[in-house]
Amino acid sequence: MGAFDTLFQWAFLVPLFPLVGFVIVGFFGDRMKKAEYGGWVAVVLSGLAMFVGILIAIGEALSPGTYTDASYTWLNLPGTQSVFSNGFSLVMGTLVDPISALMLVVVNVVGFLVMLYSIAYMHHDQGLPRYYAELSLFLVAMNGLVLSDNLLEFFLFWELVGVCSYFLIGFYYEKPSAASAAKEAFLVTRVGDVLFLLGIFLYFATYATSGGGAGWAASGFKFTNGNTPFLGSLVGSASSPTLTIAGLMMLAGAAGKSAQFPLDVWLPDAMEGPTTVSALIHAATMVAAGVYLLVVVSLFLGFTADDRLAIVAVGGFTTIWAASMALVNTDIKRVVAYSTISQLGYMVLAVGAGFAMVGLYHLFTHAFFKALLFLAAGSVIHAVGTQDLLKMGGLRKSMRVTWIAFFVGAMSLSGIPPFAGFWSKDDVLASVYSQVGAHPLYWPFLLCAFATVFLTAYYIFRAWFLAFDGDGSRDASLPHAHEAPWAMRLPLIVLSGLALVAGLFAFVPSFANLLPGAGVPPTYGTTDLMLSATSVGLGFGGLGLAYLMWGNGRVFTLPADSPLQPFRTVLLRRYYVKDAYDWFGLKAVYGLSRAADFVDQYVIDGTVRGIERAFSQLSDAGRRLQTGVVSDYAAYVVSGLVGLLVFLLWIAPWLVRSVGGG
Amino acid sequence: MDAVSWTWFLPEAFLLGAALVVFLLDAVGVRKIEAVGAVSVGAVLLALLAVISDLGFDPLGFLSTLPASVIDSGGGSTSLYAFSSLGLVFQGIFLLSALLVALASLSRPSDEAGASVFYGLLLMATLGMMLVAIAADLIFLLIAIEVTGIATYLMVGYTRKDARGLEAAMKFYIIGALSTALSFFGASLLFGAYGSTNFLVLSQGLGGVTESTLALVGYAFLIVGLAFKVTLVPFHAWAVDVYDGAPTDVSAFLAGGTKKMGVFAFFLVFIGPLSILTARAVSCSGSVCVAPYDFRPSVQLTLGVLAILTMTVGNLLALLQKEMKRMLAYSSVSQAGYMMIGIAIGTAPALAGATLQVFAHVFMKAGAFLVVAGVSALGVGPLIAQYRGLGQKRPYLGVAFALLLLSLAGIPLTLGFVSKFVLFSAAVQASTVPGQSFFFWLAVAGLLNSAVSVFYYARVLKVMYMEPPDPAVPLDGPAGDPTAGLGFGRTAAIILAVVAIVGLGIYPQPVLSAIQSAATHFVATGA
Amino acid sequence: MSLEELAFLVLAAIAVGTALAALLVRELVHTILWISVFFVALSGIYFLLQADFLGILQLGVYAGAVTILLLFGVMVTRKRIFSREAATGIGPFPLALALVSIVILSGVAAGLPTQPRTVHAYSPAALSEQLFTTDGGWLVLLGLTMLSALAGAIYLVREGRE
Amino acid sequence: MVPILSILLLTLLGGTVLTFASGKQARWVALGTSIVFLFETFYLLDAYTAWPGRAGLYAVPQYSFSESYAWISLPWLHINYTVGVDGISLILILLTAFLQIATVVYCWTETNRPAAWFGLVLLTCLGSIGVFIALDILLFFLFWEATLIPMFFMIGYWGGPKRRYAALKFFVYTHVASIVMLVALLAVAFYAHAASFDFADIFVATHSPGFPIVTQALLFLALFFGFGVKFPIVPFHTWLPDAHVEAPTGGSVLLAGLLLKLGGYGLIRWAVEVLPQGLAHTSWIVYAVAFASIVWGSVLSLSQRDLKRMVAYSSINHMGIVLLAIAVYSSLGLLAAVLLMFAHGVVSGLLFMASGSVHHSFGTRDIASLHGITPKAPVLATMIMVGSLASLGLPALISFPAEFAALLATWDRLGYWVVVPLLILVVTAGFYLWMMQRVLFGPPQNVPEKAHDLDVYETAGMAILVALIILYGVLPGFLVNVIVNSPVYGFP
Amino acid sequence: MSGLVLAQFLGLSAALLGIGLFGILTRRNFILLLIAIEVAINAAVLNFVYFAGFASGPGGVSGQAAAVVVVGLAATEVAVGLAIVLALNRQRGSINVAEASTLRQ
């Protein structure tokens, strides 16, 4: 029993407030006098949710512990003969522990700020009530996911955030590209989701049969084992091929949600949604849910060594994979989106290395600076009406706040001290480095991570220079840009502040309780300092290169006949992976379906119709025997007589003898 | 029961008397259909009452307490007739079919020529059927069949001026005479094999040449002769043309009545207590007993094959039939196949099933033909396609026809379903005996056939209900009278048929238990 | 070969021959002629079998009445009595059917005991007693058939009033 | 003891007869009947007490509210009017009650011979109810067949351009299957030497040790075919798309919502429960068929152009999962199967209503020629979206708990084979999403001038189903608790 | 008296039956058909007579009685047949059975 249990039992309010918002805005938003009123309702309610969330976080910070309030029996499933012999109940409820409290803060703070920002950003949009309803529903789902008490509840909300993401990506549903991107996002994550579900089965089966998890099985997918401390007793209690596969399935689920290679294609396309949505869902919260899943699983269930290697591989490779594509992209949102993928890779990498808290730490800081970057980008887009970097330039003068905000975000992203990103990213690198001895394959992925630091700084500052530097003459048609209204500026300022200081939370004693063991992973020995120095150096290197190539000075550019140009094309084409997927979906699967349809119509149903036709033809032939000539009928009679004689005298006795009875 | 008293012949006497009266009236010039029709209907009703009272009429337990021992071979082993309870049931069935047709024919034009001949022949034909039901001698049986046969040949052609009717009569006659020749040839061979034509003697295998092959050949000929009446494939071809060409009321009688006579003849020859197939004694000399050559499995197999052939071909040919009467004729052929299942199996339940099927078929098929007669009296052509919109324009007639067709198709809550259900249940039950698994396939074949048959019945429903009425066809009666143009007699007959179909379809127990006890008795009692 | 057997064979040959001839000649009147000879031959066989009453009956009913009836039928349906029937082909299928049935039946016959047997003779008195007592039902039924035949046939051939 | 089940039947029967007789006011009679019936169903649910438990796996199951009267009694044939329910029946009765009322409301504006139409709707429901409560072979078969005739007329009279062919095909195809089923049931009764056609007697007989395994297996296969065509199982499914495409909307709803469930219910009650050994020895066949149905239905949905046809094929997929859940033969699987049947009944009902409304409003159901209908018909688009999302198994909607349980049960019995239905879930999501992308989203094209959103009756009819989808998606425990109180719960 | 062989009689009746069947199948004139049928019936009558003669039991005489009845029946049938012939002839002017084939299929 913790000191703040009374507070924690109100945790359900956090999702409840947005739910109220969803109902009000969803059903009555269209009927309000002005569309913004609905928006304000949602903003206020999300503010309330944020307030409760922060209170809970404070409670956890002051008195860390696990509080569960699971009381609603959602499903009472019978047992089966083989594995689930006793049956089990799926009891839904809330689980408040330090990490969920941390996530509550992330989700609700960013959520509130984005909602506020949207009032101004979206105010001219006709679908504003719909927007706020969907956004509120997303907050319900995301908070529900964070507060989930068991794996299945987690999955339930996991799917719900997915569908909210689907709706929001397709918010501008009349745009074919938006509709297509929404579908793609849903489908790709769906692949991860079904594998995730399989993983749940596997865990369940394993722990339900092996001795260590009997209690876990009986309690039905629960994260906690009674009220024992949240670092559950199950970690590492069993190790088997099944568990390895289960872990891999978790990784697959996380990869889908967090856009890790090879399920990363949907996230850049998801930028078809409003920028605010990108900031909230596709940067700060939902995409981080995959990482959160890995964190939770590694804390409660544990990964096997093979799993961890796979996670490291996926995370490590994704960092450089996504960063490389960001190098050449000219869409401001997509650049930031690739960076999101890349940063998520870092988090996954950390979890794979065994430092779940470090991953979570990076998630925490990333949420703020990435939301900041997106909102800043949104501010730019709002001002200039295009997303094409090549058409921007010189916005520095007209949009000071945005300019600075973007800069803060970029610095943080690049891992330049003292910005938030530096602390967490440095932790990631250090923690991976500390594990390189575990398996020789850790090395290449560590190198990827380091190389990515350089690339990150390069591409984000390239974007910054392109957008804000220069004289604004790149596209004469750009309207004269204005700074955004206060409802947009305020979130930018708040987030800038957070992006500046969030990294230090891990070092504040009480706050550190929310991220136990994250702030100071290894001792800051010489090696770690070397690592930090390298990383910071790489970051500055990237910044410098960006300045040289895209800054005001423009020291050099890549010549058109450079041997690197083909690589550029490959990168712009996103390594042709999306093409391959499209081919697979549109040609292979759809073609298969067409072929199957052909078989269905002409072979299977054709057989049915063939039988029908055969009957008809037989019937027709038989009717032609009915000639109307009585002699023919007599002939049938006599033929029948002869046949009957033959049958009765010889065939029937033979049959009776050989079959042995009538 | 005690020895047969003359009262047992009361039904036959009523019929014969009425027939003589009708012929006499004709001779003195009274030819109005109302007069002769009334006499005939009255006689049939009286005969029916007599049969029911023979069956043990009991107002409280109507038909459900049938005495099990209504059998008497009537004066020793050489008697030509014997009363069995199943025979009485069949007499009732025959009389019901005659009643339906006689009632419906009242609605024909009252000055129609030949009404008296028609009714007289109808009574004579019914008389022949009644006699078949009490036959205990092969020759008696065959001549009784011939009584009906000759009357029906003439009934088919009684319109004289109608080329179709005469053609039908010609075909009916030729094939009928051929099968008469064949059945008598078979009877003569059986006589040669056993020295008598009495069922009792035959069953004991006394005297004569006692050649099993001779007897088997005799059976083959006999099967052909009887199969003609039951319209088994391939002895069925005449039936379609005759049902088509004959006046529709006569078709109703042929399909609903005389065919059943053949079924009972099969019962008598192949299943009954006096059948050779059941009662051949094991001959023992000293301690060594030799089972005689047993025909039973071979004959059962043969009949089973005929049953399957009949059902299948009948259904198959009905599938694409464009004319209503011919479709019904083919369906009648296939229904005969179902009845043959019961005969091939020959257990008491199967016999009950077949009898119930016969019973149901009287109402279904005669009823359907009577509806067709009524519809064509309204001026609708012979094609199925010309029944468009009947269900909408003539709701009562449409529903009646639909119910009769659904019953023919074996859809639940109709008598047609109950009869098939009992029959096929019996087949399955019989097949549980080791070595009799063949019967299971009879049931399967029967059920599959009934499933196929749904196609062409449903097609008629489709035409009647789902296609718009043809404005050229004068289906509309005078306003407010949906039965206009049918007449009292036909309406009564159709109502009788439909009520029987539905009422007994929902609660078949009284009839079923009566038939079952009769059938059990028929199979179990050795004379 | 005994005398009876010889007589039988001769009569049988005549019967088969005349039956074939009756069905194969194209002149209908000749057909009637041949068929009456056929009936007479059969009657001879009945005498041979000591079924005297049947022999007489055969002569009376068949060779007499039926032949006359058939002749009458030919005369009514023909404008000229001596007109030839159109030639009808003899299809292989009917022929085969007939032959197969003959072969099967002959096969059965061949299986019967082949040693000569004595024939039982029944006096006409015994026969009539049988006919009028034990098998009396047969005659009653025969009467019923004749009743319907009479009524129906007369109506059928009578010119209608209409 | 009130004969509540007979009252239930009589309510519907009386309602049906009155509806047929009531001319233009038929819809009111039908609605009144449906409402009364719904409340009777609630009473039934309320009065249904917990199942006392079964002494052992093969102990004779007991049923609630049972009634039994002799119907046909011959020395060798004993047929009774025996009815009774357990939780499984109850769930499906509840489904019927809801679908009935939703269909009646949805079809409120039907003007083409309304008396006949509403009468047939009620008759279909009557037949279904009968199937769910009958505990005698003949009674069961009778009601089973009784659903065919109204559907035949509904398709054949109110259907699309090729309705007559579709009606005949539906009728003959499913009738053939019914016949096979009947033969097999008869054979079960006779070969096991059951004392009567009552379920309990048959159960006792089939579980007696003397009943040969080979016979059981063969009979089970025959029953499987008989019930399977109704499911429908691949490759005996081709009647379904044709029937659905040509059927009127109400007919499609009842066909997919109720008639397919008859197959599932029959398989559970009259095949698996009666012949568990038969299933055990032929399970690989059933599994193969189930997998084939799942894959085939889903893959084919992808390339369908007709909205209804697509939903029809997705029904094949879903019923394949039901079959799989039944085939694993465990309590969990059984629960999943029944839940999924309920879910599919509601969801496919909604989707067919939506398809019908699309056709009604936009003049076509061709996916390729419909574009961006959302601006014109936002409510309709929402309904399609809810239906699609529910159908693809989104949590918090009704299908999810069912599919989850089904997959868990499959995993439990078949291990990694569960990957097949799992991955097919992606394909299922794919075709629904693709359909939504093309039909609902994108710029409006080819939208006819007269296109309109749902009218109030259509909305109300669908709203009932949407409410169920969400209610039982969020609170599946209610359904589960009823199912769990079932004799069949004694499955291993 | 002795010396008659049963099998020969059966052979004769078989031949007559075959000839009768053959006639029924191939002839088209109604009257010829009647004659063919008579031939076939006579085969049956012949059977009855000789089986009666060869029978050992007391029932033999009923074989002859049966023969008498069959002869009578055959005569009745011929009468009916002729009635149909006449009606047909009046109606169609022809008694060719193959021409009366309007009822078909």
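Note that the chains take the letters A, B, C, D and E in the order they are written out, and that residue 1 is the start of every chain.
Quick note on the criterion: a contact is a pair of C-beta atoms (placed from the backbone, for glycine too) under 8 Å apart; a residue touches a chain by one contact, two chains touch by 3 or more.
Please read these numbers as outputs of a predicted model, since none were measured by experiment.
J.: Could you name all chains that are in contact with subunit D and with subunit E at the same time?
T.: Chains that touch both subunit D and subunit E, as defined above, are A, B.
J.: Mind listing the chains that sit against subunit B and also against subunit C?
T.: A, E
J.: Give the chain pair that accounts for the most C-beta pairs in contact.
T.: Ranked by C-beta contact count, first place goes to C-E.
J.: Looking at CA centres, what chain is most distant from subunit C?
T.: With centres defined by C-alpha atoms, farthest from subunit C sits A.
J.: Report the most central chain, judged by the distance from each chain's C-alpha mean to the global C-alpha mean.
T.: D
J.: Centre to centre, using CA atoms, which chain is the farthest one from subunit B?
T.: Of all the other chains, the one whose centre lies farthest from subunit B is A.
J.: Per the centroid of Cα atoms for each chain, what is the distance between subunit A and subunit C, given in Å?
T.: Using C-alpha averages as centres, the distance is 101 Å.
J.: Round to the nearest whole Å and give the separation of the Cα centres of subunit A and subunit E.
T.: 95
J.: I'd like the Å distance between the centres of subunit B and subunit E, where a centre is the mean of that chain's Cα atoms.
T.: Once rounded, the distance between the two centres reads 27 Å.
J.: Where the CA atoms of subunit A average out and where those of subunit B average out, how many Å apart are those spots?
T.: One centre to the other, that is 76 Å.
J.: Which parts of subunit E, given as residue numbers and ranges, touch two or more other chains?
T.: 6, 10, 13, 17, 20-21, 24-28, 30, 34, 45, 52, 54-56, 60, 62, 66, 69, 73, 76-77, 80, 83-84, 87, 97, 100-105
J.: Hey, what residues on subunit A touch two or more of the other chains?
T.: Correct list: 623, 626, 628, 630, 634-635, 638-639, 641, 645, 649.
J.: Could you say which residues in subunit B touch two or more other chains, in rising order?
T.: Counting only residues that touch two or more other chains, subunit B contributes 78, 139, 143, 146, 150, 153-154, 157, 160-161, 170-171, 174, 178, 182, 209, 213, 217, 240-241, 452.
J.: Between which chains is there touch?
T.: Going through each pair of chains, those in contact are A-B, A-C, A-D, A-E, B-C, B-D, B-E, C-E.
J.: In their complex, what parts of subunit E are in touch with subunit A?
T.: Contact set of subunit E toward subunit A: 21, 24-28, 97-98, 100-105.
J.: Going by the contact rule set out above, which residues of subunit A touch subunit D in the complex?
T.: Going through subunit A, the ones touching subunit D are 73-84, 87, 152, 155-157, 159-160, 163, 166, 170, 173-176, 178-180, 182-183, 186-187, 190-191, 194-195, 197-198, 201-202, 204-205, 585, 589-590, 592-594, 596-597, 600, 604-605, 608.
J.: For subunit A, which residues are in contact with subunit C within the complex?
T.: Of all residues in subunit A, those touching subunit C are 635, 638-639, 641-642, 645-646, 649.
J.: Note which residues of subunit E are touching subunit C in the complex, please.
T.: 1-23, 25-32, 34-36, 38-39, 42, 45-46, 49-50, 52-56, 60-62, 64-69, 71-80, 82-87, 89, 95
J.: Looking at the complex, which residues from subunit C come into contact with subunit B?
T.: It is residues 104-105, 108, 111-113, 134-135, 137-138, 141-142, 144-145, 147-149, 151-153, 155-156, 160-162 of subunit C that touch subunit B.
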